Structure formats: C-alpha cells, structure tokens
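First subunit A sits with subunit B, and in the next complex the same chain sits with subunit C.
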Partner chain A sequence: MEKVGVFICTGCGIEKLDIEKLKAVSQEFGIEAKVHPFLCSAEGLEFIKKDLPNLDALVIAACSPRVKTAVFCFDGKYVERVNLREGVVWSHEMNVHTQELAEDYLRIGIVKAQKAERPEPYKQEISKDILVVGGGVAGLTAAIEIAKAGYRAVIVEKEPELGGFARKLYKSLPTKPPYNRLEEPVVKSLVEEVGKLGIPVFTSAVIESIKGQPGMFDVRLNQNGKIVDLRVGAIVLATGWKPYDASKLSELGYGRIKNVVTNVEFEGIARDIGRKDVVFIQCAGQRDEKHLPYCSSVCCLVSLKQSKYVTEKGGNAFIIYRDMRTPGLWEDFYKAMQDDPGVFLTKGEVKAVRENGGKIVVEVANTLLGEDIQIAADYVVLAIGMEPTLKGLFTVKEEFPDEKTVPYKHIYEPRLIKSAEEVEEIKKLGHVLNLAYRQGPELPTLRYGFPDSNYICFPYESRRLGIYACGAVRAPMEITSAMEDARGAALKAIQAVELVAEGKTTFPRTGDIDYPNFFLQRCTQCKRCTEECPFGALDEDERGTPMPNPLRCRRCGICFGACPEKIISFRQYSVDQISSAIKAIQVPDPSWDETAAEKFRFVAFVCENDALPALDIASMNGIKISPLVRFIPVRCLGSVNTVFIADALSKGIDGVLLLGCKMGQDYQCHFIRGSELANRRMENVQETLQRLMLEKERVKVVEVSITDWDKIAGIVNSFVEEIKALGPNPYKGF
Partner chain B sequence: MIADAKFAREIIQAGGKSLKKCYQCATCSVVCPQSPDENPFPRKEMIWAQWGAKDRLLSDADVWLCHQCNDCSDYCPRGAKPGEVLAAIRAKVVEHYTFPSFLSKAFQRPAGILLYFGIPIVLVAIYLAIFNPQIPEGKIVLGNFIPHTHVELAGFAVGAWVLLVAAISAYRYWVAINSQVSKVYEFEVKEGGEMKVAKASARFIEYLFWSIIDILKHSKFKQCNKARYRYFAHFLIFWGFIVLAIATIGDIVYLYVLGYHELALPITDPVKILGNFGALMLLVGSAWAIVARLGDEKIGYGSYFDWLFLATIFAVGVSGVLVELFRYSGSPLAYYAYLGHLVIVFTLIAYAPYTKFGHLLYRTLAYVWAKSVGREVK
Partner chain C sequence: MGDILVIGGGIAGITSAVEASETGYSVILVEKSPFLGGRVAQLNKYFPKLCPPFCGLEIFYRRMRTNPKLKVITNAEVLGISGNPGNFSVTLKVKPRFVNENCTACGECAKVCPVEVNNEYDFGLSKRKAIYIPHAMAMPFIYAIDEKSCNRCGECVKACKYNAINLNETEKTVNLNVSAIIVATGWKPYDANRIENLGYGKIKNVVTNMEFERLSSLNGPTNGRIITAEGKPIGSIAFAQCAGSRDQNHLPYCSAVCCLASLKQATYVREQYPDAKIYIFYIDIRAFGRYEDFFAKVAKEKGIELIKGKVAKVEEKDGKVVVTAEDTATGQKIRKEVDMLVLATGMQPSLAENPIPGIELDEYGFVKEKPGIFAAGVAMKPLDVMFSNETATAAALKAIQIARR
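Up next, the complex of A and B:
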C-alpha cells in the first residue's frame, strides 16, 4: 500500500524510548510519524482519524497486536501494530540495544504495511441449505434447530426409517430433576416434529459424492437406486455409532454361554424377561488396550438404567464396575439408583464367567467387599462401548501412509498401506460422506476413528470447513448430550453458510476475507501445498496443478510456507511481505561498526496463537528478555517458508528461532500440524546449513504453549547464549 | 459370602435408611476415633450392609466397638450416616443371638409397643386378680399394698430368665465372633514380613476385667468428638443405675439385716438420699440424651429401637419420682403410680436381652474380643 501513516503512542512507558530516533526511522521511509501521548483515548483516536482519509494503511506503534484490536480498527484500512509496549519497554531494560529493537520493530511494521494489499472477498452465488447426514437423535435435532432458525435442512438416512439407534430403546435416561425416573425415548416426538416442520427427508439413501466447497457443495444421493442431486451450503455429520464387536469378548462368556448378552441386546429383551437376577459387567472390552482403549462414558449410565428395568420387576441387579462414571447431573441418577435396595454395586475385576446348574456364575476379584465373590445370576449383561461410524473407513490418505511417506505425529494409528489395491479393498468397507476431495473421501480422524479437531479451542470444527460432526460420531455420548451437541453443530453450520456467503472464513481466523492466490504459471506441480494443507482446501488437476477452493480455506498460510516457488500469497500476508520485513532489520556490520562484535541479531518467528500471547504475558509479569531478538508474529509456524530462514541468515542474522505450538497426538496447533510441518522443514534447512558451513544449531524449533509464559524468556535467552558461544554469522556484511 | 437383598432391606427398615448412599470413600473409617488401622470400620460394614452380607455382619464384633460418636456421619460426604447404619446392624445382631428372637424383632417396629406393654400389664392384671390387694388407708406405705416379697420373687424370676437368655446369647455371639467367618483379622503381617497370629486368646478373665474397667471409666466414649454429649449422658445414666443398685442393696440391708418391716423411708434417710441422687442422675442423663439426639439432622435422629430403650429409661426415672412425690404428699395416687412403675421396670429388665439394653452384653464381649485380638485402639 502506498499511503502509509505512522502513529506513535508514548503512553504506558513507551516514552522511555527515544521518540525522536523513532521518528527518524519513519523518516527513512519518507513518512512523517505522528506522536500522541495516549493514542487509544478518544482524543488519540480523533488524532488518527484526522489523517484517515489520506491513508491506506496505518502503522500503530503502541501496544501488542493482541490488545485493543477493536479500538485500532478502521474500516477498509490496513492496520499494522508495532508492539512497543509489551514487546519492548515492558520486557527489556532500557539501553541502546532496546532502542535499536524498537527502531527495527518500527521498520518491520512500516515495511509490512507497505507490502500489504487490499483484499477482495471471494464472493459466489451460494446455497444456505444444510444437509444433515444421519436421521438419529442428533441428526433430527440438528435438522429441527436448523429449520427453526429459518434455514432449510435436508436429512439423509441410510435406513428405511428415521430414529436411528434411539428407536431401539426401551426407556431412556431421566432428563429432568430429580433425575430418578426413566422416560419414554424422545425420538418419536423428534420424528413427528421433523414431519411437522416439513423438513425434506431421504430415507434408504446414501451419499454417492459431495463435490465443491462450503456454500457450493454439490451432493449426489442414491435413494434405492434413484439419483438425487442437491446443492447445499454446509453439512452436519450425525451418523452416530456402532456397538463394539462383542464376539471378541468370549472370555466374558459372550457367544459361549446363553443369556450372556450385550447392553444393546438387553435393551431389546429387558421388557420381557420377568423377575431375574442380572449381573452387569462394566467396561467390557473398554479401557483396554486389546479392545477399545477409551471410556465410552455412557455405559455406566446405561447399566444403571437397565438395573432399573431389573429391579422394577423385582429382580436384583449386580453391577461390577471399574470406576462408576456418571458425569454431570447424572450423578443424581447414580445416587437414585444407588439408593435402590435391589441394586448392588462394587468395584471389581471379573475373573471368570461360567455356567452352573442353569445359572451363570460370575467370579469377581478385588472387590470393595474385601474378598473375592461369586454371583449367580440369570443374565449377564456386558457393557460394551461405542465406536464411531467413521472407524475402519478410508478417511484421508495421510492416515494410510505408504512405506515412503513419513506419517504425521498426530495420527494415532497410521495404517501402513502396501499397494493401491489395498486402498481399494479398504474403500469397499463403505463411505459416509464420499467427499470428492483430493486428500480423501471422509473427515480426517484423530484417535479411534473420531473426527479430528482442535477440540479444546474449537470443539465442533472438523478439518473440513462447512462440515460439522455432532453426536456419537464425534465423541461417545448419551442422548441428551447428543441433542445438545446437535444444536451446537447446527449453529456452526448456519454460521458457516453466513460467513462463506460473504467470502469469510470460520475459526480460528473468523471473518478473514483474504485468501491465498496462486501464480500458477510458475507452479512446478510438486504437490506440497495440496498434500500439506491440513484442511484439504486444494484439489488438483490431472497434471498435479493445485485447484484452489478458497471457501474451504482457513487462511493459515501453511500452503505458502510449503511452496518452494513462492507462488502462493495472501494480499495481506505473503512471502514477499515477511521476507521484506526480515530485510528491514538492521544488522550491524563489523566492517563499518566497531561495536558490532557484541551486537548479535536474532529473529524469532512466533505463532500468534500461543507463543505470542505467552510473550505478552511474560512481559506483563515483568520478565526480561534479550533485546537482540526480533520477534515476528506469524499466523502459524507452518506458514514459515524456508526462504525466510535463508533471507535471515544471508543478511547476517546469527540465529533463527521458531516458537510454535505443541505437536503430536495432543497437538495444540490451531491449524493441526503447522508446527509439525515447520519442524520437518527445518530438518531440511539444517542440512542446507551444513552445506553452507553454518552450524545447524543456528535454526531451532521449540514447542511452547500459552501456559509456558514463565519459561519462554528462558528458552529465548538460552538460545541467544548458545549462538553467542558459536560466534557471529560469518555471512555478515556479504 | 452371600448377598441377601432381603437382609439389606431389613437393615434399612431397622434404621439404616441411608445405607445405600455410601460410595465407599472411607472417610468414615479415617475419622472414626474407635476404629483400628487394620481393616477399619465402618467402611466395610457399609458395603456388607449394602450387599446384605448377613454372615459377615452378624459375626462382626467391630459394629460393637462403635459407640455411635457420629463423627463418621458428620464427615460423610454422601449423607450415608454410617453411625445410624451400624446402630441398625446392632439391632439385627441383638435379634439374631437372643432367644426367642421374635420378641426382639417385634420391638424393632412401632406396632411392637402393644406386646412391649401388653405382657407386663397382663401379668399385673393376673396378679391383681389372684391376690386382690386393697389400697390401704392412712399413711402411704407401698409394702402394705404389694408386699416386698412378691416384688422380690417376681424380680428373681425375671432376673433368672434374663440371665439365662443373656447367657445363651453371649455364648452364641462369642462363638460367632471367634468363628472362621470373622477371622478376617487373623493374621497380622509385621514389619519384615513375619506373620503373627492374632485371634481370641485364653486370657478371657483378664481381658474381661480390663474391659469392665474401661466401661466404668467410659474411656471409649471419651474419644468421641461429634456426639461428645453421649459421654456425659451415658455416664450419668450408667452411674445412676449403679447408685440406684447400691441404694437397693441398702434397702435389702434395712429389710433383712436390720429387720425393718416396711420401707417408707423418710426423705432424710441416707439410703433414700442415695436413691434420689441416683434417680436424679438417671433423669438428667436420659433427658440430656433425648434432647441432644434431636439436635442434628446430619447425623440422624436414631432408630425406633434406640428411642424405645431411651424412652423406657426416662420413664423408669419419671415414674419412680412420681411414686415418691405422691407418697410424700400423702396421695393414694402413689399406689397407682407404683403399679405403672413396676410395669415400666419390668419392660426395662425383662426385655433387656431383646432391646438395646442388650448392648451391655455384646459390647462388653466385643471389648474383650478386641483386646484379645489386638484390635483395641489405644
């Protein structure tokens, strides 16, 4: 942008800097800096607004970009924040180095503003209809909520009838205080309401394919052989769960002894068994590395509910649990059932299940009763767990790496694929969404077949924009939670269609209209961008040239970090912009500056989601950090192109530090694998360094989380000390 | 071990209403001042009760080491009131070992009150029908209405019955708590892995002696925190009875050693003073227990079985004092009050093996057992 204004605030301690020198820096770019003692005040803003008509971009040299974002927001103007407060005066002792730091930050800010361009939103004619996949409790609830909010929902259900799993239930858990009476299953009324609202329903139908992008999904359904085409804006995935395969539990008697049944089967027979003694074995094939390693969270409640079926008929229910888990208000239901004299509860390990004279004898060890016990019963119910419907399907290629590819660390169980035929074999297991995406036909999963998402920060988001999973396909849950989950997903889907209608993205950069542009003439079809995009935004043509789908994009910049040809850039975030910012840093040159020997220079690329706030918090807590380091915030460490490192080192920067989020299975990265990709790329960079006779220690990636604010200064300072010990970059002054 | 839902329901009915609420956190066992470190109570009794483990509970002497301080109920995060549950289990123990046990079972329910008073009323009515005693004129002398010899003979008969039943109960109970089932604590692993056998030993008399000393001193009650009043109230009632017993011995001395013909002693008589002092202790102690027991919902108000016994003690005191007041005031009502007093005293003594009074026996034996197997908390 051409017309850049520089505004320096001198409040909050910034006045300790030499403001005249800062103005001189601005002068280097031919800009007269404006100084105000209190820029965020009403007078300060008036002061800025006077100049506003003549400006395209503003450089606000004041506080951290993480604070006062709404204050320093001017319609249609690009704002670059120079972090003089948290980044300089609060986190450094005042000396010549600190003054130089502030000056460099101002240069970086002005360059970035100059290099930014005006973005145009990607606006298309879109559909705001929402497809709900699955007609169970979650799907029905989502469709009802969508319809009630004034949008058009369409339900597709594989079975000939709506209702899903909940239709098979005898009774359901209490949903109202005092949480002690079982209720009639809610599903009937949901099906009726769907009918009343006139929501279009396709039963006995499966999805043949989904093409396109949010707002413009072209869905092809196959309803009993009849093809139906739809265009929808967003998708709610509510395909639910399947019970764990109990035939693997023969040691608990299943398949071996009559009347050893699963909790799912018991639901069907409970109505008619009469007065019987029943043993419930909790965690049957769950929380067990040999079976399901996780807790399905509902089975304790289900067994308590089914105990009520038993005691209502005068029988006794014995529950052998590992831990009784009844989250939230279900505690009240647990208490109510515990109070039932016919319900016997103990922790214990089932040692054997055998037949004896028409009864089933369950031997239990390590009980709370202080001794091993044997219980003779008429029925044994195995509390088996829930598996998501995505489990076992061919989801995305990265989960099925071949021998040549390095598997991603966040993938729990990479399944090694030997041949293309093997892939075809797995694909025969069936499909749910059948997305025509380059990376694979289903939502990427994280662990155990549940959809991948940064579920701490954005619980409903999947890794496919516009597609939201809810209910038991997202995580094991009971009906009430699934309904609540469905409401959440319905709102996210509505939010998505509204945002994409204006060309905006969703979480975490909600509302961003800027999207990556590809200068395809120079593309070498290396496919890095199409493979590395965590959100599957890029398809490709038969030659391997990327075909961008801007509405699937979350604007993280991982693609431009990947591109060796530097052909991908956003209008306001580009390789050129960051490279120029690095070049704007003044590196003291020993050939003309006598004191340069002690003036090392470092660049740290910091993730704006975790590392940057950690730095801000550290400075608010008065923690001091080396003034030789220039922190450059990036959207994600994955958007750090190796060219930035090359630029920095060739300019004479002594070391480059990359501070990103935690990676691996418990990743914290907002963009799933940005920090892991940065790490991989830096391994390649280090090989290059060695070729250039530079020590590989000069580039380092460190994982920090927002809670590491007390450690971050230590990390940075010790890096500085390490590199000082190595000596200055020999390329200085070249 | 047999899980018996019926027995669990019986405990609930006998006053352990909240027992199912327990989720085995063992806070009770930690806070209990009476509970030993190894195999502490009342946590294990709570789950035994939940599962209706009758054989375990009935041969578990630990329930009698409990003095219902209610520290457990006070700290219980679930409101399971282990104190009340253990009291209910004790009622079932009394019922189980006594003879005939239906009497005890009947007294655990409010309807049993008919039987409770019915028997002595019928006995008194029979007596009145046979001997047809007349209300004497003039100075109130109880011995002129019903001769002391009659009362004494009746007392001996009842006492003999009570002792017989108590002996049977005590034997059965002692065998049970030392049986195979209760030998959960038989082995004690010492440091270094050496095993020490810890079971009931032959030094019964010695342990009994020290147990009685403990009872006289109320040294266990003294350890209670929450229901501290119990120490004082029980002390007053207990020593009130002892003082009254001494006064009764004084009466016997008057009658059979010093040759008194009747016992209408003046209020200044030393034996009368002693008797009145005992009666005062009894009244104050039982009134205190009654008032204090109503004080805290969290620890519970006690079971019917418990209240029956406490109310009987209080009634014995009140009726005795009434007799005395009427006598000194010269009112012939004293004779009627005397009849009432005799009926109430009968319920107290004759039913001792069937009511909470039985605790005197079981708890004493439990003390002896605890001392002999090293389960006593020092």
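Up next, the complex of A and C:
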C-alpha cells in the first residue's frame, strides 16, 4: 500500500508513552502521525475520516485488534492495528524498554501496512447444486431440506433402492411425548417426498471420481456401468453405517447357536416370530477394546423398542445391560418400558450363552438381584454396534516429506502400512467419495473412522471445504438425531456454495477473499506445501508442482509457512510482510547504543486465535511481561516459516518463541495441524541454528490455550531469563 | 428476504445466528442479559477434549464483530410474538445498559463504584460492582450497569473520561418484524434447594456442578483453586449423579450431560490433588458415542471410584459431608465422609418458569417447534454443547427456508 496513514490514540493510559517519540518513528517512514485522545469515539472517527480519501491503508496505534474491531473497519481500506494498550501500557512497567517496545510495534505496523496489497476475490462461474451421497434417512432428509431451501439437490445411492438401513426396520422409536408408542418408519414418506419434490436420484450408482473444488466439483458417477457427469457446488456425505461383524462374537453364541441373532437381523424377523421369550445382550462387541471401544448410542433404545415387539406378541423380554443409556427425553421411553410387565431389565455380565433342550440359556453374573441368574429363551438378540462407512478405507495421506512411510492412514489410528501390496489390499475396500485430491480420496477420519472436525464447537467443519458429513457416518446416532444432523449439514453445504460464489472462504476466517498466490517459476517441487495443507487445497502435477485450488482454501497460511523458497504469499499476509516486520525491529548494538548489553531482543510468534487473546487477558489482569519481547500475531503457528526465524536470528534477535495451540489427539488448533507442523519444522530450525553456530535453546515452541493467561507471562519471562543466561546473540550489529 | 430473529445469546443462539448470517441472511440476535456467552461462558472446560470454552467463543466473537448481517441486541427481553411464518411481530423490552459504545473497557468506573453485590457469573460466590464486566472475554466488551443495584451516586460518570455513561437512559420498547424465529433460550441449573435430602443450602460444602465449574475456573471466585468453603484443600470428594434428574419429584428426564460433566470435574480434582479420593455415585453412566473413550480414560485413573447407587441421604459430621447411598450392585449401604459433595444437578429449560407468549412448550418447558418458530440447543431438549450446535445449525436451515421466501 502506498498511502499509509498513522493514527495514534492516547486514551486508556497510552498517554503514558512518549508520544513525540512515536511520532518521530512514523517520521522515519516519512509519515506524519495524527494523534487523538480518544480515537474510537465519534469525534475520533471523524478525525480519521477526514484523511480517508487520501489513504490506502491505516495504521491504528491504539488497542488490541480484538476490541473495537468493527469501529476501525473502513470500506476498502487496509487496517493494521498496533496494540499499544493491552500489548504495551497495560502489560508493562513504564520505562525506556517499554517505550522502545511501543516504537518497534509502530514500525512493525507501518511496515506491514506498506507491504500489504489489495486482494482480488477468486470468482468463478460456479454451481450451487448440492450432491447428497447416500440415500438413507440422513441423505433423504438432507436432499429434501436443501430443495426446500431453494437449491437443487442430487442423490446418489449405491443400492438399487432408496432408504438405507431404515428401510429394514419393523417399527421406529417414539418421537413425541409421552414417548411410549412405536411409530411407522419415516423412511417411506421421505422417499415419497423426494419423488414429489422432483429431486434427481441415481440409484445403483457409485462415485468414480470427484475433481475440482467447492462450487466447481466435477462428479463422475457410474450407474450400473453407465457414466454420468455432474457439476455440483458442495457435497453432503450421508453414507451411514454398517453393523459390526457379529461373526467375531461367537462367545455370545453368534454363528454357533441357532436363533442367536443381531439387533439388525431381529428387525427383519420380529414381525413373524410369534410369542417368544427373548434375551437382549447389550454392548455386544462394544465398549470393548477387543471390538468397538466406543458406545453406539442407539442400542439401548433399540433393544427397548425390540422388547416392545416381543411383549406386544405376549412374550417376555430380558435386557442385560451395563449402563442403560437413554439420555435426555428418551428417559421417558425407558420409563414406559420399565412399566411394561413383560420387560425384565438388569445390569449384569453375560458369562455364557449355551443351548439346552431347544432353548438358549444365558448365564448372567453380577446382576442387580445380588445373585447370578440363568435365563432360558427362544431367541438371543445381540445389541451390536455401528461402524461408519469410512472405517477401514484409505482416507488421507498424512506423511511428511522426510518420512518414507507408505502414505495412507487414519489420523489417530496410525496403522503402519508396510508395503505397496498392503496398500493395494486396502484399496480393494473401495472408496466412497473418490476425491481426486492429492491428499487422499475421502474426508480425513479420526480414530474409529469418523470424520475429523473441531467437533465440540464446530461439529460440521470438516477438513474438506464444501464437504459435510451427517448421520451415522459422522457419529453413531438414532433416526431423529440423524435427521436433525442432516439439516445442519445441509445448511453448511448451502453456506459453502454461497460463500465460494463470492470467492470467500468459510470458517474460521469466514468471508476472507484473500487467497495464497504461488510464484511457481521458483518452485523446487519439494512438495512441502501440498503435503502439509490440512485442507487438501493443493494438488500436484506429475513433477510435484503445486496446483492450487483457492476455493478449497481456509486461509491459514500453513502453505506459506511450509515453503522454503518463500514463493507463497497472500496479498495481505505475506512472507515479505512478516520478514519486513522482523527487520523493522531495532536491535540495539554497542556501535550505537551503549546500553545495548542489557537490551536483549526477542520475537514471539503468537497464534492470533488463542495465544494472542491470552496475552490480552493477562494484560487486563495486570500481569506484567518482559518488554524485551516483540509479539507478532500469526494466523496459525503453522504459518510461521522457518525463514522468519533465520531472519530474526541472523539480525541479532536473541531468541524466538512460538506460542501455539495444543496439538495431538485432542488438538485445539483451529487449522487442525498448524501447531503440530510448527513443532515438526523445528527440526529444520535446529539445522539453521547449527549453521549459525547458535544454541538450540534460542528457539522454542510452547503450547498455550486461551485460558493460560495466568501462565503466559511466566512462560515468556522465563524464556527471556534462560536466553539471557546464554548471553547475547553474537550476530548483533552484523 | 426477511430478517431471522434468534432469541438467546448462549452457544446455541450464537451458532444459529452466525451460521444463518454467514449464509447471507440478516439476523437479529437478542439476549436478555447484558452479555453474550450464556452458560458455556461459566464453564471451565468442555468434555471430552478438556479444552476451554473461550477458545471456541473467541472464534465466534471474531466472526460476529465484522459481520454486517448480524445485529446483536443485549439486555433485551422478548415480551411477545404474534403473526405467521414469514411475518412475525415481536415486541422487545430493552433495558438500559447506561453505558454506551464510547466505553473502552478501561475499567476506571468499576474502581470507583461503591456498590458491591453478589456476582451472578459466579453464582454469588464472589462480589462485583454495580457497574461491571463479568470477565475479560465478555462480549460485547463494554461495561454495563445493573439497574437494580445501582444507587445513582454518579461516581462512575465522574470517573469516565470517555463520556460513556448516561444514568438517565431509560427502558425502550422495540417492535421487530421478522420472518422466522429461532428459540435458543437455553437452560438454568435445577434449583438444588428443592432436593431436600441432598443437603444443599443447609450443609456446608455441598455445591452444585455449575458452582463447581466456577470454583475450578481461573477467572472464578477462588482463581481456579478447588477448596472448601473454609479454604481447605480437598482430600476427598463425592459426586452425586441425577441430583434432581430422572426423578418424578423433580426433573423426570435425564439431563444428558451430567455424567460426562462429573467425569470431567473429576479430572479437575485429580489435576489439583493427585491423591484425593473421588467417588461418583450414579445410576447409569451415560457416556454415549465416542464419549465412552473419555469415560474409560477417567475410570482408569487411580483413586476414582464409581459406585452404582443413588445418594439417599447427606449429613454433616465434624465439618465433613457424610454421603449415604445404597450400592445397587451389592445391596449394601455405603457411607462416605468427604470434604465436598458436588450435586450433578440437571438442566431445566429457561422457558419452563419464564414462558414467552407465542412460544409453545411441552410439559417440561421445552419448545414445541411450529411453522416459523424453531428451537436450538437445550431450549429444544437436554443436549451437550456439540449436539446443541448441531441443532442450532439445523435451526438456521429451517429459518432460511422461511426467510428466503
């Protein structure tokens, strides 16, 4: 940006700084800084607006970018916030060091504004149609709801008929108070409604490939050998579940004793069995490290429902459970079934299932009756669990360039795949989405095969922009929940097509139009960017040159953090911008500052989502922090290029600290892998340090969370002390 | 396209409002209190990741700050709703905040305010001033005066350098015309005083699970140190599950989160007191879905004892809390003397006792959806945060189907 204006607020304690000196800093850049006592007030804003027509960018030296954000937004202008309030005066004792800190922050702000460029949105001719993969209850609901919202949905189903598992149900759970009457399965009416709404349906069809990006997905279907090509804007994945393989449960009699059946099989025969006594064994192959370690959420309800099938025909039902899991309003259904005289419920452990005189005997220990019991029954129903349809498939390549493991794996179930043959074996399991993404053909999955997401706060945010999972493929759930879930995924799909139509990204930087640009002439095909992007935004040509898909991009900057050639940058978040910011820091050296020996200088790259707010909160709580540290906010720690660290160290910065989010299985990084990648890149940094003959302690990564505001100053201050003990960086003054 | 109204600024309402507005619709979010965040802002951590709620709230707030399609009205109560899908009239009572947008949250006002009152953010376990901001992550990040406790002394007006306080501000009535309504009014903790046998309010160191969240939070009354009312460390602690839930005399339904919340709170205790004895009295541990992993992890910890049995009686003896239950597995009476008892009190829908004319409720006070009026989060049924946000996203879809017409 050429025309940069500098506005300094002196309110909220900022007046304690030497404002004349700050103005002099601005003068270094040939800019006359404007000073106002209360910049966010109506008068302050008028004061700014007078200069607006002559400016491309504004440097607002006032409070944290986290406050008064909307107030300091000016249409079409780039705004750089210099955090003098929380970042300087509230968090530091007033002295010469703190004044120097403020001056450096102003330099950084001005440089960043000068280096920023005007972004142009990546706008394409896009499709707003939405592909729904899977024609079960979740998929049907998603398609219907999408159509009702005014968008065109298309359903693809691999079976010859719509309806999925729900089609096989005899009856459905009660969905309304008083929750005691079983209902006709909803699936029939959903199929009818799909027909009425004229939603195109491809049955007996699988996806051969999906190429492209949100708004421009080119989908190739294979319908019984016939190829169908579609273009869609977003995808709802609703491929549901498969029952756990009951043949692994022979200890419970399955496959060994006639009339030991699964809960899925029982739906098929319940109508016709007549008056029979039935034992239901809960958690069959579930909550069990040998089988499915998780709980499938629905089986307690299903067994209660199936008990009603039994008692309605005059039979008795016995349910042996570990914990009865009927959360929320389902408790009413549980209670209704407890009142059914034909239903007998007990906590207990099944010790044996055997045949005796045409009956099946179930031996149960540790019951609530205080004794071991034996129940003779005509049928035993095993409440087996649900596995997502993504389980076992190749989902994602998650390798690092330096590691030579064979690529595909589930993220937190790292299965070392030893050979290319094994890869071929697993490939035979086939695919669901068949994404032609460099990083793999499916939504990346977590342990157990459920799709990865920031799953507490943002449950739908998958790692593939424009593709949203719902129903039992996403988590085990019953029909009512799957239908509600389908609506949520439908909304996200609609939102995605609307945003990408404007060239905007989605969560967490929703609306951002700026996207990374690649100066490919200098690309060395190292593949770091294509491998590290958590969102699979980058494909590769045969030589390994990245082929960007801006509409898949979430704007975290991990690619530019990865690139050793520094050829990836956003217009308003660039390698040049940050490198220049580091260079703008004045590192005192003895040739011009006689107090230089005590003026150590540190740079801390901080995640703007968590570490930066933690620093703000620390300052509001009056916690003081070393004035020798310059905090540089980054979109994600993964966007910190090791070049920045080398730049800092070779300029005489004494130490570099990286403050990012928690990594690992319970990661808190909003860009999934940013903090983890930053940590991994430290190996390269160590090489740089060796080359520069510097101690490895001078660079450190620390995980902090947003509520670590009580610890963050301690982390920073002790780092400062550690480095001080090492002595100054010998490169000062070079 | 008509506006969408979201009632309630907790996590569900925020999700609905943000998702609908980011899809391109105009949304008005109204919140009864002066600040957004609702119940989750009072929590120390979420299960099962044990991550801080403010981490997600920060992302939501950032998306809200720069979203021109989303308008937030705090201190606003919905008095009534009439009309039809696509054309609802909504009357709001907007209470005065007395502090305007000029506020920089510098904090000088609270320093001089002479009025101290119980801080509802900490369930009265701490004090705040009559002019206040509840915590450093508050949204909007400007102070508010609570009308009831302010004595109009004017000290804050004198202290404010930014002309941000006007004690003469008055209540306003606002009429809105909206096309669809999302009810995300959430819940309140069931009143533990009503559960006679569990000793709450009568015996010291019997606290509710929500109070325990505040006691564990860094920004809470004890700066996150879990201590007894006497300020002593915890050697032993008990959690009583289904305190008022699954009980015909109180909340007949299951509140769906309390088992996991207690398991989570057990980890708070374990983190601070590696040797403390932890007892969890339960009927069924409802750790459904992938939450089972979390249950399995916590249950494996040393010193955590899970006892199947409902707490029958709570007494005080020599400054300790004596908890009696029948162990349903063995049939024997179990007594534990502990330093603190946490009642896993359930969630009662906020509208149960404060209904809004025009919104239909079921027998428990949960919202019955009807055309144009949808529910999100615990206003719909007992849900945890993840499921609340799913229903909130679904509600956004239902609302845009009406609003697009």
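Criterion: the second predicted complex is superposed on the first by the 717 of 734 C-alpha atoms of A that agree within 3 Å, B and C clash if a C-alpha of one lies under 4 Å from a C-alpha of the other, contacts with A are read in each partner's own complex, and residues count from 1 in each chain.
As a working rule, a contact is a pair of C-beta atoms (placed from the backbone, for glycine too) under 8 Å apart; a residue touches a chain by one contact, two chains touch by 3 or more.
Treat the numbers as computed from the prediction; the structure is a model and nothing was measured.
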Joint occupancy of subunit A by subunit B and subunit C, clash or fit: clash
Which superposed partner A:40 touches (first subunit B, second subunit C, both, neither): second
Which of subunit B and subunit C A:335 touches, first, second, both or neither: both
Partner chain(s) touched by A:510 [first = subunit B, second = subunit C, both, neither]: second
Partner chain in contact with A:490 - subunit B first, subunit C second, else both or neither: second
First (subunit B), second (subunit C), both or neither touched by A:346: first
If touched residues of subunit A are counted for subunit B and for subunit C, the larger one: C
Touched partner set for A:316, first subunit B, second subunit C, both or neither: first
Which superposed partner A:371 touches (first subunit B, second subunit C, both, neither): first
Superposition clash, subunit B against subunit C - the stretch among 4-12, 22-30, 148-156 or 310-318 that is involved: 22-30
Set intersection of subunit A contacts, subunit C complex versus subunit B complex: 324, 335, 347, 368, 370
Residue numbers on subunit A that touch subunit B, as the complex places them: 316, 318, 324, 335, 338-347, 368-371, 373, 375
Subunit C - residues contacting subunit A, complex: 11, 19-20, 22-24, 46, 48-52, 54-56, 58-60, 62-63, 65-67, 101-102, 104-107, 136-137, 141, 161-163, 218-219, 223-224, 246, 252-256, 284-293, 296, 308, 328-331, 362-364, 366, 381-383, 385-387, 389-391, 393-394, 396-398, 400-401, 404
Complex contact set, residues of subunit B against subunit A: 1, 3, 5, 8-9, 12, 20-21, 23-24, 39, 44, 47-48, 50-51, 53, 78, 184
Interfacial residue positions of subunit A with respect to subunit C in the complex: 11-13, 38, 40-42, 63, 66-71, 73, 145, 148-150, 177, 287, 293-297, 323-332, 335, 347, 366, 368, 370, 447-448, 450, 454-460, 475-477, 481, 484-485, 487-488, 490-492, 494-495, 498-499, 506-508, 510-511, 609-610, 613, 616-617, 620-621, 662, 666, 668, 670, 705-707, 709-710
